[in-house]
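This is the structure I want to talk about, given as structure tokens.
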Amino acid sequence: MKKVLFASTALIATAGVAAADSGVNFSGYGRFGIGYQEDRVGAVTNIVTPSNTATSATSVVVDTDDAILVSRFRLNIDGFTETDGGVRFEGRVRLQADEDSSTGEANSAGLNGARFSVIYGGLRVDAGNVAGSFDNLANYYGNEVGLELFAGQYSGVNYNFLAYSSTGSGANAVFFQYAVGDFAFGASYDTRTFAVNGSEVSGDRWDVSATYTFNNITAAVAYGQTDSGVSGVSDPSLTVLTLGGEWGDFGGTLFVADDATEVTATDGTAWGLSASYNLGAATTLLFTYGDGNADADLQQVAIGAIYDLGGGASLRGGIGVNDCDICDSQTVADFGAQFNF
Amino acid sequence: MKKVLFASTALIATAGVAAADSGVNFSGYGRFGIGYQEDRVGAVTNIVTPSNTATSATSVVVDTDDAILVSRFRLNIDGFTETDGGVRFEGRVRLQADEDSSTGEANSAGLNGARFSVIYGGLRVDAGNVAGSFDNLANYYGNEVGLELFAGQYSGVNYNFLAYSSTGSGANAVFFQYAVGDFAFGASYDTRTFAVNGSEVSGDRWDVSATYTFNNITAAVAYGQTDSGVSGVSDPSLTVLTLGGEWGDFGGTLFVADDATEVTATDGTAWGLSASYNLGAATTLLFTYGDGNADADLQQVAIGAIYDLGGGASLRGGIGVNDCDICDSQTVADFGAQFNF
Amino acid sequence: MKKVLFASTALIATAGVAAADSGVNFSGYGRFGIGYQEDRVGAVTNIVTPSNTATSATSVVVDTDDAILVSRFRLNIDGFTETDGGVRFEGRVRLQADEDSSTGEANSAGLNGARFSVIYGGLRVDAGNVAGSFDNLANYYGNEVGLELFAGQYSGVNYNFLAYSSTGSGANAVFFQYAVGDFAFGASYDTRTFAVNGSEVSGDRWDVSATYTFNNITAAVAYGQTDSGVSGVSDPSLTVLTLGGEWGDFGGTLFVADDATEVTATDGTAWGLSASYNLGAATTLLFTYGDGNADADLQQVAIGAIYDLGGGASLRGGIGVNDCDICDSQTVADFGAQFNF
């Protein structure tokens, strides 16, 4: 019995193999390190004395360690084929394990909901557990900071848009994307049925986006809305405008959003920016800032760095502060290694 | 870091690689499309007003969308090796994600119970989550119709035979199969312990089959029985006879069964037939009909088509009616794409 | 569409492919056979008559079959890369399915918690779901007996040391190992927070080990301790000394431990030994014995054999007796096939 080795070099060594027309791709990354979160709390086993046996009794929320071992293992499983006419079909399921960030213990790996894609030229249609127009929007996330990407320019946004779920089943929706020249358009639709006082109502949500790239700058705008399903309650909506550009070693993004979730404490304008700077051959510095005008909008400010080790591995870390007008501020930080495979 | 590409063309390009003696195979398919089911119902979240927050409250069964996004992602994971003596060992676990057909939402992917196989010449022994003699019987399923194979000639059968479970743990049973010349024989045994009034009883089930192929026709017969475990209650049983043949572009199957499940509403004779016809190079037309003589036996009639796109991808769809003597009839239909990998 | 075949021979055929620098490895084994356990009990469905329908009612513990179909499917999924500086990063998740040993039914496959590794020269650091110093200790397990490895020399040990979990999330801990010449050192640390009467306490555990190899003999010693977290309760601890050697066809191990778990019925000295003997080219005979001086310490005596079929497949079996000073003795045995892939 010989060991099975499925590795990139092996296949690249078979020169002349330009493209496979059907098969299964495996890719992903691992990351692990130390994560610090001020005043971390979590639910742990509670033992009531005088019983001195360690039998699990009940659960209680207590202060857990501020610094814990954080980690993620992500494996993308992509089945694909290409028709005689050049249409590509893909199906993806993701296998992912994360630590339990409240207690610092480990979680078992899990599988998410499947996403299916049809790709032909500049047209792409996704179905199932899909990302919508916001989740796919150029520069929506900007330069997130830290091994765990714990801070981003979008922190003031509270609208629940259609997003790809890495650890759950996600929505069962459809996303369209069409790219032509410097323009790209996106749209998604997600049906949902729920009940109010026992009668079914529709809580469908949809979003659209447009993106334009000119020289080294990309501008994007997106709008999305969710049927509230309840008479007299306005439909929650979100409008986002982003700008991103690169000038040599410097990259930056700007973010403005109007958040109408029908919740006063978080509605209104959200804004943010982020920047990256390549310091020498292997080091990248990162900065991000996000905020909103409502009392409970989360403000995030963070700086971080990535040091490239080659081979798809890097050291990453960051430090930042989470705050809001009516919150206590909280310091967060992390440091560790990430490796792609 | 280079991307990992595990693909068929790459390995086929390494000429002279006839057979691997140990390793892991990945194969499967994705399918997605629109599924229609008249009067579809499902359990959804129920919100009680005047609370106008969208907090999940209780669950209630309501009418959901008749037309939903249907999908499946299936990946077979097969570990295998071959001994010096030419005996092949295999172990399979299946990873599968399906939509929730009651609500139209997505489900996360899951893993099923493992199946183990020993294969030597015409002899095959399966253990674990196995398919029994019916599930393996030639022409039992015939030509099922639709993207989701929603109709089949076996619709009047209600006996719970040993079947491979794609999404659950399945039974922990043994299946034997022996092929010699034009004949093939199968047998399975599945042990089960349960309790009646606190005392353990055996609810074992077994089945046997014989198959004979002459020219382009295959005839098969199978019988199976389950210990009821309760004194005075007869053992449920099932007898099935199938015939299948191919004549050029036409293929057809016949199905007759005697269903003795000790439930009057579904017992008695079940019958069905199915047909397929290749219309030109890429299109296949399908028809299936299944019925039974008991009041609650499900009658299914459906027509469908498959259009081959090449590369293992196809467009598929069907429309049919489900009915029974004491039921309201229900129209079902679907259409979508399937791609193998 | 061509079938995807990921197999060792294929890649070995591409001569000159010495080492891949990034990718995903799949490896594992399957095993299945008959397992016998005297007086096996399990929780099964209980039906209360006069209802004669097979509707699941409640669960009750009854005698189940002593001889059941046992099985395991194990797949290791290893993502890896190597930096320009020669540091190797690895992440592993294991997919495993086992039978339910109490009822003889099958379980679905599951995924465990992820383990991450950094390897450079003789240094290895593991994080996440790791094995600690005992679980990694040379000759700790010795020659375990049977298809299911149902008996081992360590049977008298009751300390709950840090171990790799194949079917659960495991601990979220760190393990260090350093090998230099004939010496190797190991250490692990596992943080845990729980609560006593609602207040958080630390139940951290740690262990250290040292191993020395001289000629064909390996000696190893390890010590580990767990914070009890409760004032007035001593910290449970374990000390282990092992010796192992090989002389031609004969291999043997010795095991002594001091078990201080603060539970009188199982504390004290534990000891054991094991042996293996290669009888001809394909057969290996195995023997193991483990015991302890406390009343409830488990004594295990077992003999077994492995017959190599080539290609990574083998037939394996064993028979043994479990006993303790205050227990009824129990005969256990198994026989079946195992195949690596």
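The first chain written gets the first letter, and so on, giving A, B and C; residue counts start at 1 in each chain.
We adopt the following convention: contacts are C-beta pairs under 8 Å (C-beta built on N, C-alpha and C of every residue); 3 or more make two chains touch, one makes a residue touch a chain.
Keep in mind that what you see is a predicted model, and the values were worked out from it rather than measured.
K.L.:
Mind checking chain A against chain B and telling me if their interface is mostly the same residue numbers on each side, over half, or mostly different?
P.N.:
Under half shared, hence different.
K.L.:
What's the rotation, in steps of 5°, that superposes chain B's Cα atoms on chain C?
P.N.:
A turn of 120 degrees brings the C-alpha atoms of chain B onto chain C.
K.L.:
Distance from the CA centroid of chain A to that of chain B, rounded to the nearest Å?
P.N.:
Comparing mean C-alpha positions, chain B is 36 Å from chain A.
K.L.:
Could you check chain B for residues that touch two or more other chains and list them?
P.N.:
1-2, 4, 6-9, 14, 21-24, 26-27, 81, 110-111, 311-313, 339-341
K.L.:
In their complex, what parts of chain A are in touch with chain B?
P.N.:
Those residues of chain A that touch chain B are 1-2, 4, 6-9, 11-12, 14, 16-17, 19-27, 77, 79-85, 87, 89-93, 110-114, 116, 118, 127-129, 168-174, 191-200, 230, 233, 311-313, 339-341.
K.L.:
Which of the residues in chain B end up touching chain A in this complex?
P.N.:
Residues of chain B touching chain A: 1-10, 13-14, 21-24, 26-30, 32, 42, 44-49, 52, 60, 62-65, 68-69, 71-73, 75, 81, 95, 97, 99-100, 103-111, 309-313, 337, 339-341.
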